[in-house]
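In order of appearance the chains are A, B, C, D, E and F, and numbering begins at 1 in each one.
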Amino acid sequence: MNYTGFIFVEGGSEIDSSNWRHPEIVDIVRRSLAEDVGSGDVTTDTCVPVDLIAKGVFLAREPMIVVGVDLLPILYDKEDIEILNENGSCVSEGTEFISVRGSARRLLTLERTALNFLQRLSGIAVMVSKFVKAVEGTGCVILDTRKTTPGLRRLEKLAVRAGGGFNHRFGLSDAVLIKNNHIAAAGGLTQAVERAKRQSRLPVEVEVRNLVELEEALAAGIAHLMLDNFTPELVCRAIRKVAGRAKVEVSGGITLENIREYSNAGPDFISVGAVTHSAPAVDISFRLL
Amino acid sequence: MNYTGFIFVEGGSEIDSSNWRHPEIVDIVRRSLAEDVGSGDVTTDTCVPVDLIAKGVFLAREPMIVVGVDLLPILYDKEDIEILNENGSCVSEGTEFISVRGSARRLLTLERTALNFLQRLSGIAVMVSKFVKAVEGTGCVILDTRKTTPGLRRLEKLAVRAGGGFNHRFGLSDAVLIKNNHIAAAGGLTQAVERAKRQSRLPVEVEVRNLVELEEALAAGIAHLMLDNFTPELVCRAIRKVAGRAKVEVSGGITLENIREYSNAGPDFISVGAVTHSAPAVDISFRLL
Amino acid sequence: MNYTGFIFVEGGSEIDSSNWRHPEIVDIVRRSLAEDVGSGDVTTDTCVPVDLIAKGVFLAREPMIVVGVDLLPILYDKEDIEILNENGSCVSEGTEFISVRGSARRLLTLERTALNFLQRLSGIAVMVSKFVKAVEGTGCVILDTRKTTPGLRRLEKLAVRAGGGFNHRFGLSDAVLIKNNHIAAAGGLTQAVERAKRQSRLPVEVEVRNLVELEEALAAGIAHLMLDNFTPELVCRAIRKVAGRAKVEVSGGITLENIREYSNAGPDFISVGAVTHSAPAVDISFRLL
Amino acid sequence: MNYTGFIFVEGGSEIDSSNWRHPEIVDIVRRSLAEDVGSGDVTTDTCVPVDLIAKGVFLAREPMIVVGVDLLPILYDKEDIEILNENGSCVSEGTEFISVRGSARRLLTLERTALNFLQRLSGIAVMVSKFVKAVEGTGCVILDTRKTTPGLRRLEKLAVRAGGGFNHRFGLSDAVLIKNNHIAAAGGLTQAVERAKRQSRLPVEVEVRNLVELEEALAAGIAHLMLDNFTPELVCRAIRKVAGRAKVEVSGGITLENIREYSNAGPDFISVGAVTHSAPAVDISFRLL
Amino acid sequence: MNYTGFIFVEGGSEIDSSNWRHPEIVDIVRRSLAEDVGSGDVTTDTCVPVDLIAKGVFLAREPMIVVGVDLLPILYDKEDIEILNENGSCVSEGTEFISVRGSARRLLTLERTALNFLQRLSGIAVMVSKFVKAVEGTGCVILDTRKTTPGLRRLEKLAVRAGGGFNHRFGLSDAVLIKNNHIAAAGGLTQAVERAKRQSRLPVEVEVRNLVELEEALAAGIAHLMLDNFTPELVCRAIRKVAGRAKVEVSGGITLENIREYSNAGPDFISVGAVTHSAPAVDISFRLL
Amino acid sequence: MNYTGFIFVEGGSEIDSSNWRHPEIVDIVRRSLAEDVGSGDVTTDTCVPVDLIAKGVFLAREPMIVVGVDLLPILYDKEDIEILNENGSCVSEGTEFISVRGSARRLLTLERTALNFLQRLSGIAVMVSKFVKAVEGTGCVILDTRKTTPGLRRLEKLAVRAGGGFNHRFGLSDAVLIKNNHIAAAGGLTQAVERAKRQSRLPVEVEVRNLVELEEALAAGIAHLMLDNFTPELVCRAIRKVAGRAKVEVSGGITLENIREYSNAGPDFISVGAVTHSAPAVDISFRLL
């Protein structure tokens, strides 16, 4: 039941296979299968003999990171599963990373559901790992956001970890993060911060849109700033201003093209919504042997 | 309760707002909210006065297609929602397409959950519409696949429709689609087709990997062929061979760059997994007024 | 996860015991038990010693077909079950077809729930088998309908198969079946067919009420006709008119008394709602040894 | 939330429409709809214009008793329903007993699910009413059993009431009912009765198979006897023996043919499993106007 | 599936460990765990090495009765559990009554959820046992009420049994219990009793507030009377009046201080709401070895 | 969706009535009703005329704090509810704080379920308010713990707020709280703190058992200390040692008798498990008018 919440900054906690047995995860896996099967797999049931036993392998069709193999026992309840590459492994194109043996019909009926999970989660890990690599040596940490797929947050946060990133807030209850709209509703940044600090002991992060707001946040004693939609150059100036008084997180408009420039400016964190809302799936196939 | 299943080929059925009231959709919306809220929205609850009434708008940050606005009444149960642009509308950057009025706290707590649905569904529609535009004039129809996000298939299939695409099978029970692994398990393409035709009256589609298999499928009387991972040139040759005896669907490795070349070859359908498994989210923001 | 949908016409797919492990079936079995047990089995808990171990048998009280034995492991989670006659077996009066050994209390508490499933499903299979026998030699296939017990469709369709019948549509998404009301709403049979064919590639079946409609359906290119409430004589004339251009299904008012006359007319299928909506339960008892 | 349990002997409690809003009933209605709709109603969605408004009526195709009309508002959430004949009304062939007005597509998609409930529940009420009529004037009360359809007990018990019958135990926790197997497990009828009486204050009923057991039950002070599989003549002798010391219930092998003979013998109750496990559905149709 | 309903008066039925596997109990245990874990156990996941194996013990911090140990296998699905003192055992301060061995992280994450069940259920049993002891030798039986914690009734009724008490009604369907409000609504005690007796064969208990009502209830033939908020002296007079014609239950305002005085008056039962609505938890700790 | 998590220290966020509409709360209310009703309310259904309309009031039988009135609309879906005293109001004995008007049967059937919620939640608030009053003037804040009733945490945390207390962690994911067992598993207090601080940015609180551990915790830079099972005198010494370097929370063995002595020592917080695990219910009755 690994914690997938507010910013593990060094090393993080090791991901434990018990994470993938969480009741909500078991539930989403089962509902996904039902969604696909409907009244039955007409192709398999007509084409494949009922008593045929077969072996199948999941095969990387491009270099990828293995994520989600611990979900397979939930799907294949009577089949034998052999996990050849553990969660988090980087594998090259052509690698067979899981093998399953059992009723040929079952293997074929479950194929697409298994692939839909594996491809999406691996896609996230791969995109994360590219951002991680792009900032290598700068000490900057890649974070995810709450811009996850409805219903899959727990899984996607685990995929971010598998890719070398860390997790920002799991949800709205983990930490205070004061944004534009909160500032507007509270009648000002200082007021918002004061209200939050007075009422809660959770960490308070403030999103600032310019150097004036940044000064105001520092004056309010904020130790974790999010620079929203700053240019790399402005990030440099901001970090000089902060001068170690707060952790600095850069957010908004980050791409693989510009992240190095941002990380060179020296922020502690860069958070990237794209890793969960826009990561393309990796190509994995299932082959019956 | 619109049908989102096997290939609507002309006009399709109009999407009905009752689709978005399906019990499974209500369920996923509620679970997503619970996933985000956890034990409560600490930021909003500390920063925002409990009795502040406000108005907020959802705002396109880039040109996009509006999808999923019918989900909002499920989230905002006591607030007033005004849908300014109906499902399927194309709107330009800066358009305010929904406005909501009610408790400021509620508006802020529900913001991210609403955005996560709207951004993802719109992203799918936008990608579909690019593929549709790319084949304009060729008569070729863009189809989705079963490579959807676990738990969101029904919603994603509706987004494909909003983008101008059509729906291939909803799931395994809609039609027979004989692929590699089925052929292997059945002991040959002809055997697989015979078994399927003998046992079911549903449409039978066969995936072929080369012209030899294509001949075999035509000989077996198949009226719907999927050409898997063919080059555009090979598609041309295949369609000449088919000579109208079957509908032809092209699948595998289709990108915005190469789809025009493929569609020029004259297939009836091109199916694109990327529209559901790899569509980047569009940028939408929520602004409190 | 056997397909229970659109008309398996020859041989059908073998029923696989994994069918009975479908999550929805597990769910209905558990809910039925809770429905019966309420706050506890007061009779058993007062009359039967807590540590008594016993053996019990399920016993056919009339000749019957065994259906649903694969449900028993869902109910008896700690007891030893021995299935003496497999799903689909015909057994004579007096046959003990399942034996269970374990806590006497558990055996007695679960008795009625188990019987309610077994008796109903067997009742369906038995009625189906009578219709199948009545048409023997004519080549006519007995089909079920969607007139099933709410919540039990998947189970009842499996019982139809166990009795030698085949499955028509599982539900509304499997195939187009244009009936009276659709024709009225579409503004005519031809219009309805055209709309359906233009928009979907699923098989289209049309229900006709007389020879005029039959001609119209054939003219519209329909390959599967349902003759609704025709007399046997009219079925003869219809089939002569069709002259092989379409499969012919007879429906409406079919009884064991008149089915032979209908089948002699030569239709491909006869569908009988009564097998699921009006099959009397067979008599099975549970006897503690 | 009407009580549907242990033997209402005179007048019973009036059935209240709030019974039909029980959470479990709402749940079974919704699941049944999902079961039928699958990925959507392909026929309606292709044939019927999306904006067509229509009116439809439910029509008795044979004389019947109206049961379950209170379920319709659960299905038709946005349509206008007019109930023309209340729950429990006897209507003649041709009666339109409910009318619904709204989206033509919705009316057609929901038709079969509504009919499956109405036909089954009415079928039960009709069969019950025949048994009630058969014993008219004898003072004998017709009871149901626990031999109900899995998942539908609450609904079926309400249907029994609509037909003029009364409800025996709702489930295992309502009353003690000592049968064969309990006697065997307890080591004798007297022992079973003693154990039950000592431990519970609920009513105790004992099933006896012959006059010897009947004597033993009376000696044990039992005030409610079930005569299991007795001939009418044996029932006469039993009742003379009982001489008013206990209520007498006749059970087992009761048919419409023999029930009068049984009731003439003077039992207080006759319980008939067939009314729930073997009642044929009545014929109801839905007609779009 | 032990019966937890209407007044087991002597010996009761032995509690069976299968009671604790009821689907509703499994469900509440899982929901409670999810409630506590949220997005993960941040303390354990950061402080405790992922591969540390440990042993832990549940330890009585005061003399107590062990209740609910059969719930632990539901929580600890992969760990080894050793139950050292069975359900219902009285243990002294310092007793280690359960030991668990497995992943240290799992043991710590599950600790609080396990303790919350064990402490509450034991607290109930302990309070019950004090009431039982206080009436020792008088033959008076301690009963619970329906004043239980929402969602936990089944568990709390089992805890009452473990403490030596017995169970009154499980819920509203077990027996008729006519109270003030019913009498008011029925237009009088006699009318209420008549309506109930005419319509149901379940046991009828009547709550009376004074000797006049008591006379009226006896005149109406009631065999089970509840004396509501009587003084001990009035209970004496009431019991003399009853003179064995009915079982007498005392209810309302019972405390450990006054119960002996009440029981000396000779009632058959005393029911105590406090045992479920106001029992303080016992002190149990979990210690990692 | 009010936050019920980590220590609101001043003023707290106002409780919003939308809190009581959380899906999990709706769910527990409905399940509790089903738990009580079973197969129906036999008393009400026999004694009370079906069409009787009545008014009833909830009445404080002792001075109490009103909590949970917002739950009533979930239960009484068709009745008129008038809330006469808002959530959090202190009312004297005899106050009618809610009135309901509707079907007499409905009012009586729902009575116990409503009372079970109101009595328990008010009981918590009352006990909290006594602790709050006991520390009045010392500036010390009363906190709850995670020792809540399984399944009711969200409700109980709201009750604590209604009583003037504040909420410590909602669950395991809100903050790091290092206890004995974590220290043991981590190999020492300093190691545990370092692991936690390195890996998470959430607030870290440490439980210390003596002044040596307190020193170690301060040396490790901990700003929130929990003194576990300290005497009041030791608390004094501890607070002098801390000298403002950390917030101090006292926990363990706190009673109404000794809390003043503790609070006089000057801690910031005192957390009391008893308010949720051992608060006796308040006495509320429902009276039909």
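Here is the rule we go by: contacts are C-beta pairs under 8 Å (C-beta built on N, C-alpha and C of every residue); 3 or more make two chains touch, one makes a residue touch a chain.
All figures in this text were calculated on a predicted structure; none of them were measured in a lab.
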Joint neighbours (chain B and chain F) are A, C, D, E
Angular offset of chain B relative to chain D [C-alpha, multiple of 5 degrees]:
120
Distance between the centres, which are taken as Cα means, of chain D and chain A, whole angstrom:
54
Roughly how far is chain C from chain D, going centre to centre by Cα mean, in whole Å?
22
Hey, how far is the Cα centre of chain A from the one of chain F, in Å?
34
List, in ascending order, every residue of chain E touching at least 2 other chains.
3, 5-6, 8, 13, 37-42, 45-46, 109, 154, 170-175, 198-200, 202
Drawing the touching chains as a network, do you get a line, a ring, a star, a complete graph or other?
complete
Which residues of chain A touch chain C in their complex?
30, 33-34, 37-42, 45-46, 49-50, 77-78, 103, 105-106, 109
Within the complex, which stretch of chain C touches chain B?
3, 5-13, 170, 172-175, 198-203, 224, 247
Looking at the complex, which residues from chain D come into contact with chain F?
1-6, 8, 13-14, 16, 18, 21, 23-24, 154, 170-171, 173-174
For a test of understanding, state which residues of chain B touch chain A in their complex under the given definition.
28-29, 31-32, 35-49, 52, 54, 56, 104, 108-109, 111-113, 115-117, 119-120, 123, 146-154, 170-186, 192, 195-196, 198-200, 202, 273-274, 277-281, 286-288
In the complex of these two chains, what residues of chain B are touching chain E?
38-39
